[in-house]
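The structures come next, written out as structure tokens.
In what comes next, chain A is part of two complexes: it sits with chain B in the first one and with chain C in the second one.
Let's look at the complex of A and B:
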């Protein structure tokens, strides 16, 4: 499903002394099937932006079109149920939203809200649990007895069970250990490919943004500063640093290497094998130029 | 969604802001009592003058004071109308059908409205110019002597300041969980009463879970930092009584004397 955002502006606490512009004139196109990462300093408006995509927040100005639903400032909202069914939103620390006695009931909550019959919901719950890599044996346990990582998987299963076409993740790996993080991310990558989803991920990790995405969007003070392929975005190293953002580790490494080789790093690369190849290439060029490497 | 302003403190550096919270509390206590001494134009005039000077000195924009009054204004108008309609004193001014308005009723209604308004303006001024923590501190010290008869004043004050601290956090959390459940198709805004009550459960359970977790963490953090209750505990922010505080007390006494002398 294509997502089109036009002139989107959002105000918190409008018409009070606490009024605050959280988003300013945002224009973005997200093509169906894209894996988009959003990066930006804390408070740059990432969470505010993604909540507009399934109608949780209403724009003060502008409009958002998701598939065939349009939300427009100043107009009454269309029926949001259809939109929310198609756009799954996984909040930061999604395990905080668990409330049912059993894992099964909690995962069924979404599908049943969107009109699935009990049997159908249970089937979807089983499928979703399988997708997030948990055994069926947890279905009858209380979600509050599980470990933190398992709770998060259950919460994510609760969103997947609705079978959305767009999935939005707000810092999905916050608070996980390194292994948990990697598993979580490969899970989203797998889902993205298997189900041909459109995935939007807010992240603080430049490595993840660079490695997993088709496109990276950079936000600063409620505005979109860049939106492009990761190679293009992470070429603007000084720009990113001026926004208080980092660059991926692979780039940092290559920059250090280049201080000795003086050949330039060319197109940025983000995976380990590509980086190894790039190192060999740079070393070769460096020797030809007579650098002592 | 939650545009409620808790504690509604308006930061500032005015002389009213800088007064000792104890003095402010005592003065309001005195004011609320002596307002009832007023019974003629001069004494009510003094009360109004005092309130207006208070507002001006605090430098709080008038709209904040108005916001505090909005909810109460209906009650004031209602009291006024009741008084006008049902007091039969002085000359008959207007008489339409069963409605008889007497001069005494009109003046009486006006006086009562002024009295209510003055009390509310002055107490609103306290919450607008004093942080909730300062108010709690002030109350704890003023009620301190009651500890002698084993009343848990310190615990009460601690409870109050912790609650004040966590109300915004709790509201934020409520909003977050409401959004998370809405994204999963919860509908908090429509449906029958029974459906709406059912829709609250997915909100309340996570809220309670997190509130208990927070309470436990807070207790642990306090213990880890050596909290043992009231005994032997010193204060980080020592309240200071200065010249302007003494001045306010003297002004309050003068106002009392003036009201006693000038009332009829």
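Let's look at the complex of A and C:
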């Protein structure tokens, strides 16, 4: 589902002494089927931005189009229900928002809220549970008896049960251990492909942004500073560092190697096998040059 | 070598009907060291940490802090003062309505006289670089600032040991490095012993020692270099390896004649440089 954001500006507490510009003149296009990561400092506006895409926040200026739904600033009675059905938002620490006494009721809440009958909602709940890799046996348990990682999966199942076409994840791996992180990310990759979703992920991990995304968007002080393929974004190392952002571990290593051996780093790569291959190539090049001299 | 904490054959479970959560753990903590504890979720790290400051008591075996047994009720306040804990969630640790009140609260509980309290308060806030925030409301601070206030509350009690229980895992990269920087300073300049429970291996490689927990047992302990030599052992229990180790192994796999030594990026860079100049 294509997403187009035009001249989006957002103000918190407008017309009060506490007025604050959180987003300023944002213009972005996200093509259907893209896996987009958003990076930027805390306070740069990432959460504010994504909440516009499912209509939780309304623009002070500009417009947002998702598929055939457009939300305009100042418009009365916008088509929020239609938008929220298409765009599923998984908040940071979504497990903090579970509230029903059973897992089944919690997952059914979304579909029923959008008009599904109870039986249909229960069927969707089973499908969603399967997608996030939890057994049906947890359906009748209290979400609060589950482990942290399982609770997060239940919360995600609740969003998936509505069958959105766009899924937005606000720091989905925060607070998980490395195994949990890897499982969570491969779950989103699988869903992205299997369901042909458009996925937008806010993350502080440069490694994850570089490795999983088709495109990376960089935010700073409420503006979009860059939006491009990971290889292009992570070529602007000085720019990123001036924004107080890090670069992926693989690039950090290649930079150090370059400083010592003056080999250059070439096109950025983000996986360990690719990095090793690149280093092998550099060593080989050394040999060739040596032979020629 | 001065052993600040000695744990001997510690068995613990939350209920008598349940299985053991800690199964005969023995370890020691040396004065002034930075000790990391790694292991996946549910392996018993937090339970162990709470045993170290007497929040939980052993059912069998013993925990001694500065030679004081945690089961000896007459020493429990002293032990808790000596072993401070910073938890994962920065939002759940505040009681005061200002940063100043919050740091003072712990000292009041420990009956520190007012004049002394004021001196320590300034001192503690300075050490975590939060003196400019003394009159702010804790809940309005960033995650990293909140954790630093929590640390100030602990150092005001002049502890021997600070335990970080995944204290940086909910913070952004900036908050994370604020905390690590603060703790390194306390460790190096003020001799505070640090026990850091962490999933961040790039942090753990800088510790003096590492303990690996698995299913309630102490699986391995040693210097970072020794621990990350046992790559098979760690992989078997589903733990990750530091970046440099992973890259080094991949290079070896692709036929690069490297030693098994490199743990830090600089070391691998040096080896590659040597290789290159030999070619």
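Brief remarks follow.
FYI, the second predicted complex is superposed on the first by the 284 of 293 C-alpha atoms of A that agree within 3 Å, B and C clash if a C-alpha of one lies under 4 Å from a C-alpha of the other, contacts with A are read in each partner's own complex, and residues count from 1 in each chain.
Going forward, a residue touches a chain if its C-beta (ideal position, glycine included) is under 8 Å from a C-beta of that chain, and two chains touch if they have at least 3 such contacts.
All of these numbers come straight from a predicted model, not from anything done at the bench.
Looking at the shared chain after the overlay, A:26 reaches neither chain B nor chain C.
In the superposition on chain A, A:129 makes contact with neither chain B nor chain C. When the shared chain is aligned, no partner comes close enough to touch A:64: not chain B, not chain C.
In the superposition on chain A, A:283 contacts chain C only, with no contact to chain B. In the superposed model, A:219 makes contact with neither chain B nor chain C.
Contact comparison for chain A: of chain B and chain C, C touches the greater number of residues. Of the two partner chains, chain C is the only one that A:249 touches; chain B does not reach it. Of the two partner chains placed by superposition, only chain B is touched by A:110; chain C is not.
Of the two partner chains placed around the shared chain by superposition, neither chain B nor chain C is touched by A:197. For the contact definition in use here, the chain B contact set and the chain C contact set of chain A share no residue. Across the interface of their complex, chain C is touched by residues 41-42, 147-149, 174-175, 177-180, 204, 244, 246, 249, 252-253, 256-257, 260-261, 263, 272-273, 275-277, 279-280, 282-283, 286-287, 290 of chain A. Those residues of chain B that touch chain A in the complex are listed here as 3, 5, 176-177, 179-187, 201-202, 205-206, 209-210.
Partner chain B is touched in their complex by these residues of chain A: 13, 16, 18, 51, 54, 56, 81, 84-85, 88-89, 91, 94, 96-99, 109-110, 113-114, 144, 158-159, 162.
Per the touch definition, chain C reaches chain A in the complex via residues 40-42, 88, 142-143, 166, 169-170, 172-175, 199, 202, 238-240, 243-244, 246-247, 250-251, 253-256, 265-266, 268-270, 272-273, 275-276, 279.
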